[in-house]
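Following are the structures in question.
Shared between the two complexes below is subunit A, which has subunit B as its partner in the first and subunit C in the second.
Presenting the complex of A and B:
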């Protein structure tokens, strides 16, 4: 069992004001693919109960959902806690209301990125994907290891084609927005 | 021989080539030819997915479309990859406007997604295509007195509606294979829990703590090692034990499923790349006949 002093805190300590509440926020979120289940949430807490991150921090999926349903748009989108979900889908499997919290978090992150709030580690990894077509670049040592295992030499993915697709999809603009106000813990 | 397209992902070939090679030689022995899907990119799971859904759909959609050109189903050996490809396939199959948008992007390369190919995780190939009877027949060097813990990987089995691999709360495929090899499949607390890997990009200390919690539960269950079926889990469960910041009570070998199964099938220790596993199981799990007698 974890002792109380071992639990890492991510909780903001400021009180909520009326002016923080954007009552239409939940409808805005629920319009996105993947977040349709949001409005079914009963805030029962089954999500937090099985959450591996909740076992070692004060991060609570139920609190994220509660804040979204209340309409704390700025607080939710600018918060570090949005990037603490491990996307393990345990809550999604156990939710009796089929809220699909993991997918709701992805939608919230997508929205946060457009507001300039992205976790730095995520931006760095996404940059690698676009630059190399993979998250881990190829090194000479890797090539030797593969030779010893009788594996074929690695080809780089079709980088030019990939970049063209990403540019047409508007990814450079999103990356630009994401890096406007980088968040780190 | 049955053929399947191996989507190696972007991490396995670079950081875990022993998983790639052992998958190929084990499947070959069992009558499945795993052919490399060449020219493929990263699937976009987690990082691109969290930033921009359209880019994620295009990245995974491109891989699905490349497989359609080859007219073969896809085998994914990383949970993040199988999860991402299945997730995007589900969206492309059920949402016409997103499918049109992705196909518009893929048209640059003359690629098109129509939904013809299936995505299978390695566990499905063992369970559905090869079957336990054939696996049992292939075991010629059974383990003796070896206790192993199965770690399934979140995206391998969840969410069930999309993954369709195994019972998400009580998975059994890896456990059954462990039992078939003559070893004992060990039950332990937090069996279906995350390895902590996805948190590395946000809070490394937290990722390490979650991984170590799982490792410690396995050690308390008296296992000799952990068997995995995901590249990211394999890497995370290993590295969470290394380094001065590690919180594990002891070190325990992490072994990919084809490496573990392959040795019981009589395949060579070196051919399975077992010398590359940073926490060696050379004298515990993979004991020689002399060591076992002793």
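Presenting the complex of A and C:
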């Protein structure tokens, strides 16, 4: 990722070879809930145009879509670029073809996680949820602040229930895959 | 009117967000809305968690919905991230029967069941739709005139509109309408509808900083008395993040107070700044509160 003003050229480092292309990749992605609109993409670029991350970096949603449609599976799933979407849903709101790019990102990230490519920050947050039942734990300091504002004490999260849900959804195995070769992005 | 409250993870535990809960509780109570907290609420599994696994996330969010359903109540939350997660469950239930079945199979193993009968609501939309501008206006004890703010709707209360079904997100008006009815001037300014980069915090901090810098400069150039947010991440970014942006980008005169939407209403209902946690924000709010009180002393107290 580079700052927008530092980018001199969008020409890729090397030409794409046939061996890089998995032509069935787009169909594989489009089968998932949320990514059904992928095959409708016209690559018009409205997604990149409204993107807040594209305003400050060389990240382009259209390029991600182009790479997926072309079939660059390994490149897309292993790239840090996949973790740059800020999930503001502006592209989804504006896309005339209803591609729902933000939801496509979710599908691609789910695939990447299973291949061992996950954003470390998110994995750490998931670990906290597994441990505490919530992202931010209830500390003595939090309790004191709440008392000062006359707020009711926070109830303990139903941690056993939550763990049972995560286990029966197969999330421990997903976490194992995610941490196998954790990427710091 | 009775609602099941989902407060989320961040709102009840973060120093600068805790006033969001305090003000929301006071505003709802003042307006005669009965509330009950969802028992032992757990993480709603928002976008970052959906990035790791969508199916697990739906089942996690459905847990809190199942509890509201047991109580026969609709769910109300001040957190836009939570709102988004719960709406996502219902939307998926309606459009993807197979996924619905899968989620209920997962829930069954935790002795839970969710049938999609709970309507998730966002506090700001609820105030506008269900309480109404007139009822809120009539409950005001103090005129909030004299201040000009920038209202940030944030992303996850509105986008995508197909999913959240409140108002098309490019130029929403309902929040402005509500605040303007109680005398606040809401300024239209460049960047007010744009993303703050909040969800990149913790994974892409540098990018989050650049985006936040742009949003803060947008607000600074608009010469506002303060910003008003409805999203917990918007608040964390603009309030807690402001100091580090000043340092990182070498900006000297940046001091924009960031208020939570219901805090403004609570001030108008006559609650003190301390009662609604305004003194806990990272950027001092004394100035904007003083301006409201000064306006009041000039005959702003309603008869």
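The rule is short, and it goes like this: the second predicted complex is superposed on the first by the 170 of 185 C-alpha atoms of A that agree within 3 Å, B and C clash if a C-alpha of one lies under 4 Å from a C-alpha of the other, contacts with A are read in each partner's own complex, and residues count from 1 in each chain.
By definition in this document, a residue touches a chain if its C-beta (ideal position, glycine included) is under 8 Å from a C-beta of that chain, and two chains touch if they have at least 3 such contacts.
On a predicted model such as this, the values are computed, not experimentally measured, just so you know.
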| item | value |
| --- | --- |
| Fit-or-clash call for subunit B and subunit C when the two complexes are aligned on subunit A | clash |
| First, second, both or neither for A:171, with subunit B first and subunit C second | both |
| Which of subunit B and subunit C A:155 touches, first, second, both or neither | both |
| Which superposed partner A:74 touches (first subunit B, second subunit C, both, neither) | neither |
| Partner chain in contact with A:31 - subunit B first, subunit C second, else both or neither | neither |
| On subunit A, the residue positions that both subunit B and subunit C contact, one per complex | 33-34, 52-53, 55-57, 83-84, 86-90, 92-93, 100, 102, 106, 109-110, 113, 118-119, 121-126, 129, 133-139, 142, 145-146, 149-152, 154-155, 157-158, 161-162, 164-166, 168-171, 174-175, 178, 185 |
| Contacting residues of subunit C [partner subunit A, same complex] | 9-10, 12-15, 18-19, 21-22, 25, 37, 39-43, 45, 47-56, 59-60, 63, 92, 96, 99, 105-107, 109-112, 155-156, 159-161, 168-170, 194-195, 197-200, 202-204, 207-208, 210-211, 214, 275, 277, 280 |
| Complex interface listing, subunit B residues touching subunit A | 10-11, 13-15, 17-18, 20-21, 36, 38-42, 44, 46-55, 58-59, 62, 91, 95, 98, 104-106, 108-109, 154-155, 158-160, 168-169, 192-194, 196-203, 205-206, 209-210, 213, 271, 273, 276 |
| In the complex, subunit A residues that touch subunit C | 1, 3, 32-34, 52-53, 55-57, 83-84, 86-90, 92-93, 100, 102, 105-107, 109-110, 113, 118-126, 129, 133-139, 142, 145-146, 149-152, 154-159, 161-162, 164-171, 174-175, 178, 185 |
| Residues of subunit A touching subunit B in the complex | 8, 33-34, 52-53, 55-57, 80, 83-84, 86-90, 92-93, 100, 102, 106, 109-110, 113, 118-119, 121-126, 129, 133-139, 142, 145-146, 149-152, 154-155, 157-158, 161-162, 164-166, 168-171, 174-175, 178, 185 |
